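First chain A sits with chain B, and in the next complex the same chain sits with chain C.
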Partner chain A sequence: MVKEISFLLFQILLVVTCCGFAAYLISFISPKKGLKNVARTLLFVSWILQTLYIVSRYYLAGYTPITTHHEAVFFFAWSMTTAYLSFRWRHTVKNFGMFVSGLVLVLLLVAAFSPREIIPLEPALQSGWLPIHAGFSLLAYAFLGLAFCGGLMYLLQERELKSKRLGYFFSRLPSLEALDQLMTYCLALGFSFLCLGMITGIIWSKQAWGTYWRWQPKEVMTLIIWFVYLIQVHQRFTVGWRGRRAAMMALVGFGIVIVTLWRVVA
Partner chain B sequence: MQQNSIWQFFASIRLALVTIFLIAITSIIGTIIPQKKSLLFYQEQYGPKIAQLFEILDIPDMYGSWWFVLLLFLLSFNLVICSIDRFPAVWKIMQSDGLSFSFDRIKRMSFTHEWQVSGERSSVISELLPRLTQSGWTVRRQDTDDGTLLFSQRGVFTRAGVYIVHTSILVIFLGAIIGSLMGFKGSIYIKELDSTSRINLFSSDQSVDLGFEVSCQSFTMEFYDNGAPKEYTSHLKVIENQQVVKEQHIEVNSPLKHRGITFYQSSYQPFEEFLISIENLNSGDKKELITRFQTQEYWDEENITIGIINARARGRSIVTSKIWLKKDDQKPVTFWLDDGQQINVPELNNNYQISVKQRYATGLQVAKDPGVWWVYIGCALMMVGLYIAFFMSHRRIWLQVSEQDGSVSVLLAGSTNKNKPGFEKQFQTLIESLNPEST
Partner chain C sequence: MAEKTISLLGVNHKTTPLAIREKMALTTGYEEPLRALGKIPACHELYLLSTCNRVEVLYVSEHGADPLEAVAQFLFGGTISVEEREQYLYRYHDTDAVKHLFEVAASLDSMVVGESQILGQIKEAYRYATEVGTTGPILNRLLHKAFSVAKRVRSETGIGSSAVSISYAAVQLAKKIFGELNEKQVLLIGAGEMAELAAEHLVGQGVGGVVVANRTLSRAVDLAKRFNGTSCVLEEVLSQLEAVDIIISSTGSSELLIRSEDVKPLMRARKNRPLFFIDIAVPRDLDPELNKIDDVFLYDIDDLSQVVEMNKAEREKEAVKAKRIVEEESLKFARWQQNLTITPTITAMRRKAEDICQQELEKTLSRLSVDEQDRQKIEKMAQAIAAKLLHDPMVYLKTESCKNNDDAKVDMIRSIYGLGNEDSGGN
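Coming up: the complex of A and B.
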């Protein structure tokens, strides 16, 4: 019964997210206030359905669904939606929802095409630290991913402004100030989650293997990512870097994250 | 303070950045070149010349190599010198009294707002003071003939945040050093129904005495339906002076701790040996026998001879084994028995219950790490320090009230060491509350 509900939830949320993205896209091309509200509501409904799907899978598997490819990608999509909604709740960034819902949709499609079977946990993963460590880490990557999107839009908008011919994107992209605010917010939370993810990983590794740091490729790459974001946070919050340079750093940082997730973890 | 060039070199941020960069870049080497393999492996993979170069540079164990440890040490040394170099100046700022600042200096602060009010100086102050307090600023004041200066600050301690981070890194390194000097890491294999008090160290060929004995009562593996491993469990006993002082089932993720030494379930090994247990159901007497393949074992009190004459295995794991059993002068019986299965022997009037199990050794990682709490405290300290250093700031405001030609002029000035946009908003709200006409 729950299995069918879980399956149905996934199909429905895929459709809802798809509709949400379509609504965002249409309102991006020809701005209409009403449609944007519909899009936002659809994304929020999608988030609720995503949460329910995770709960249903937890019920089915008996552990936090975050280990298989399908589960990890899905959790990443959920984290990204959560990160976006948490920001959207406090600030407005014009048309950012289109980019995020598009990205979430892509992630959900990836999850849809990877095997959905429940694979029981191997002994090393059977720990209360699994959801905490993996949850923090994926949340961190979601926030840093949003900062990446913000950086990309920033550079696009800046080029538009510098060219002095206000083109297609100018009126459709958020202001530079709003994007800077977005990057600041995502960087602060993303870096905090990254720290928490690392520390919980250290504690877990100690508990399972007796060593907190084994210089595994994954650990080394995480350390490098941490260094990169440490410098970034330092430049932004202490030195006061804003604008182009800070946006570039957000891009470089997440580039390394992607390479790590793709080459080392997966 | 020493200001020679060597001191400046070690106190520089550039050295820190270069060192961190080098640590990051070189640590990638270890993710590309497999670590802790034999010399032969590297010779086959990379050729003898490069393998020799690897040996010289300690590449096979690069995270413990002299040059990598030197980089880590250089970073710590840099942190210490840099902190000693800078902290006195920061301390001076933390101690400085905002009331002693001159009017000109206050006027040059990055945030200022000036306005005129009619009335008397004292009445203006008594009107503004409660609004400042309401906004959460605890004010100190100084009256002179020229005017009155009010000063307030928040988050003085946040200036020390970066030094908390520096300290935390040193504390983590200290924990790691304590762990490697005063602790040890090693492994043991204990066969079922066997015990040991010595473990083999990872770092050298030596073994170390635990000071107590650990025995393995049993090792079991559970599998999921799809054949993937579900759990490895060892039933361990700690024995001191022939007394069992601790008994625990350990699994991956739930180790056993005794006298600061922790035993982690890490692997296992099957042996070509069997554990036979026989019970006389009438008397309740039991016998545990350890036997090899095709060897006779005896239970003298019951006059039983038993052995294993055949076995079927999947890989190195025995699936079923064939028992040969003889009691008194009766005709010997033989039968097949699954690994771990328990049966009554019909030929012996169901008086005897028997089970056979392949003998395993449990593989344990053993670690003593007295530095672990230093590492954890260091991690916590780092979180606190990073939060203070990045997300909190030292904010100061001054309010200069002076009388000029019958009217009162008010100057509000503010400064922050971090997060200017955040302070700007706060300053704006303050202006609105102190001088409502400004909007």
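Coming up: the complex of A and C.
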């Protein structure tokens, strides 16, 4: 019974997210006030459904569902939605929702196409640290994903301003300053969560395998990501790296995150 | 009863040179001319608008008794000949007049299309007209409708968002770079008229401060005083670049004032905060290579003109939308005005009474068990009650009272009986 509900939940939330993105897209192309509210509501409904889906999987598996490919990617999408909604609650950045909901939709589609069966977890890995570690890491990636969207928007807007051909994006995207602030905010939060994810991961590793660090490909990649973002954070807060270069770095960093998730997790 | 005609006559910046408009601008305020115009017997309702770009009179008169001559005579006084007057004056009647008023209110007829000042001016003019008591039911509704049309145009089209001028374009760009401008510093190099205008616009947007640099310091000091800023000599410009964000340059210098090599090292000290250079000098003051530095944006006069052209094109598209809204609303108004006579009002009252009778009878009779005869009696009774209730208001409508008040009477009856026009929601 729960299994069917869980399956149904996933299909519905996929449709809802799809509609939400479509509404964002249409209001991006031809700005109308009402539609944006619809889009926001749809995304919020999608978030509720996503949460319920995770709960249903928890119920089915008996542990935090964050270990298979499907689960990890889904949890990623959920944290991205959460991060966006929490961000939106404090600041509004024009048309940011269109980019974020697009990314969330892509992640959900990836999750939809990967096998959904529940694979029992090795007893060794079952530990209270697992959900904490994975939760922090994926939340970190979510905020870095928001920074990625911000960076993408920044580059689009900057290119129009530099080339002096104020075309499609000029009026539709927010100011460079707003986007830069968004990136700073998301980078700071994302990096903090990343550090927490690393620390909890190390503790978990000690518990599961008896050693803090095993030089697994996953660990190496995570270390690289950590360094890439460490440089960004350092440069931004000391030298004042910002603008185009920072936006590029946000893109590169998130690229590595995606590759890591793709190749190593699961 | 004779039908009412709405007429509008006036002059604006398109038809009439400033020299003529100056002579008619009403220097004594609104009240006096309104009173004088109110004395023209054929004008039932009246409203007068006078701004630096237009003088317009809107009045309601009996069909066939057009006081146009008298109004025109008053507007121009004796300053110019009748032939000359005809050349400048435009006049509209009924739907055309309504449409024109809506267009003016929505700033489609303004010198800078989309500017928002005109709506405030119309509101003020209307306030005077109501205070003096020259407006009536038709103009009250018409003016309120004009306000809501202007609001609709503003919210449904982008016409207000792309006013067109070089300085506006500069502000628009600055906002896309810096977001909020209220903590930004502006450096004005040289004191040309256009640079001043751009600076004025930026100050109007609330920039944090202005620094003026000029070859002759005294001129810089004068200008700085106007913007409540500071001044410096031309040689200090480079050292200023560390602190300012927006630079407007317009000197007559024949060589480049700021070079790319000068700015590059500065960016580190600025912690890469963006710089926005606006070069309105010909020949140029600023190195075109500046634009290649990260976080530095350089626009020269040609680039800005290009932005202005783009805004114009965008605005024309929006103006088409706005015109459609105006068209729609003036048709609605015409329909309302048509109903504002006695016959359709009586018909509408009767229809409403009949509808209510029918509804209530159905409700009651379905719950009673009566035979056909009783049923007819009850129906008759209901109709008789309704007819008797309507009798007095109808008599009131038909009495030959002071003719000017017909519209007011009809309007009152219509609002008492809730016979408002079904199509427009608003008042």
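In the analysis below, the second predicted complex is superposed on the first by the 262 of 266 C-alpha atoms of A that agree within 3 Å, B and C clash if a C-alpha of one lies under 4 Å from a C-alpha of the other, contacts with A are read in each partner's own complex, and residues count from 1 in each chain.
Criterion: a contact is a pair of C-beta atoms (placed from the backbone, for glycine too) under 8 Å apart; a residue touches a chain by one contact, two chains touch by 3 or more.
The structure displayed is predicted, hence computed values, not measured ones.
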{"item": "Contacts of A:178 with chain B and chain C, given as first, second, both or neither", "value": "second"}
{"item": "Dominant contact partner of chain A by residue count, chain C or chain B", "value": "B"}
{"item": "Which superposed partner A:210 touches (first chain B, second chain C, both, neither)", "value": "first"}
{"item": "Which of chain B and chain C A:240 touches, first, second, both or neither", "value": "both"}
{"item": "Partner chain(s) touched by A:34 [first = chain B, second = chain C, both, neither]", "value": "neither"}
{"item": "Which of chain B and chain C A:195 touches, first, second, both or neither", "value": "first"}
{"item": "Contacts of A:122 with chain B and chain C, given as first, second, both or neither", "value": "first"}
{"item": "A:164 touches, of chain B and chain C: first, second, both or neither?", "value": "second"}
{"item": "Chain C-contacting residues of chain A that also contact chain B", "value": "240"}
{"item": "Contact set on chain A toward chain C in their complex", "value": "157, 161-162, 164, 166, 170-171, 174-178, 181, 239-245"}
{"item": "Of all residues in chain C, those that touch chain A in their complex", "value": "161, 173, 175-180, 268, 270-274, 291, 294-295, 297, 299, 303, 306-307, 310"}
{"item": "Interfacial residue positions of chain A with respect to chain B in the complex", "value": "119-120, 122-124, 126-127, 188, 192, 195-196, 199, 202-203, 206-212, 215, 217, 220-221, 223-224, 227, 233-234, 237-238, 240, 264"}
{"item": "Chain B to chain A touching residues, read off their complex", "value": "20, 24, 27-28, 30-31, 35, 63, 185, 224, 226, 228-232, 251-253, 255, 262, 264-266, 365-367, 369, 372, 375-376, 379, 382-383, 386-387, 389-391, 418-420"}
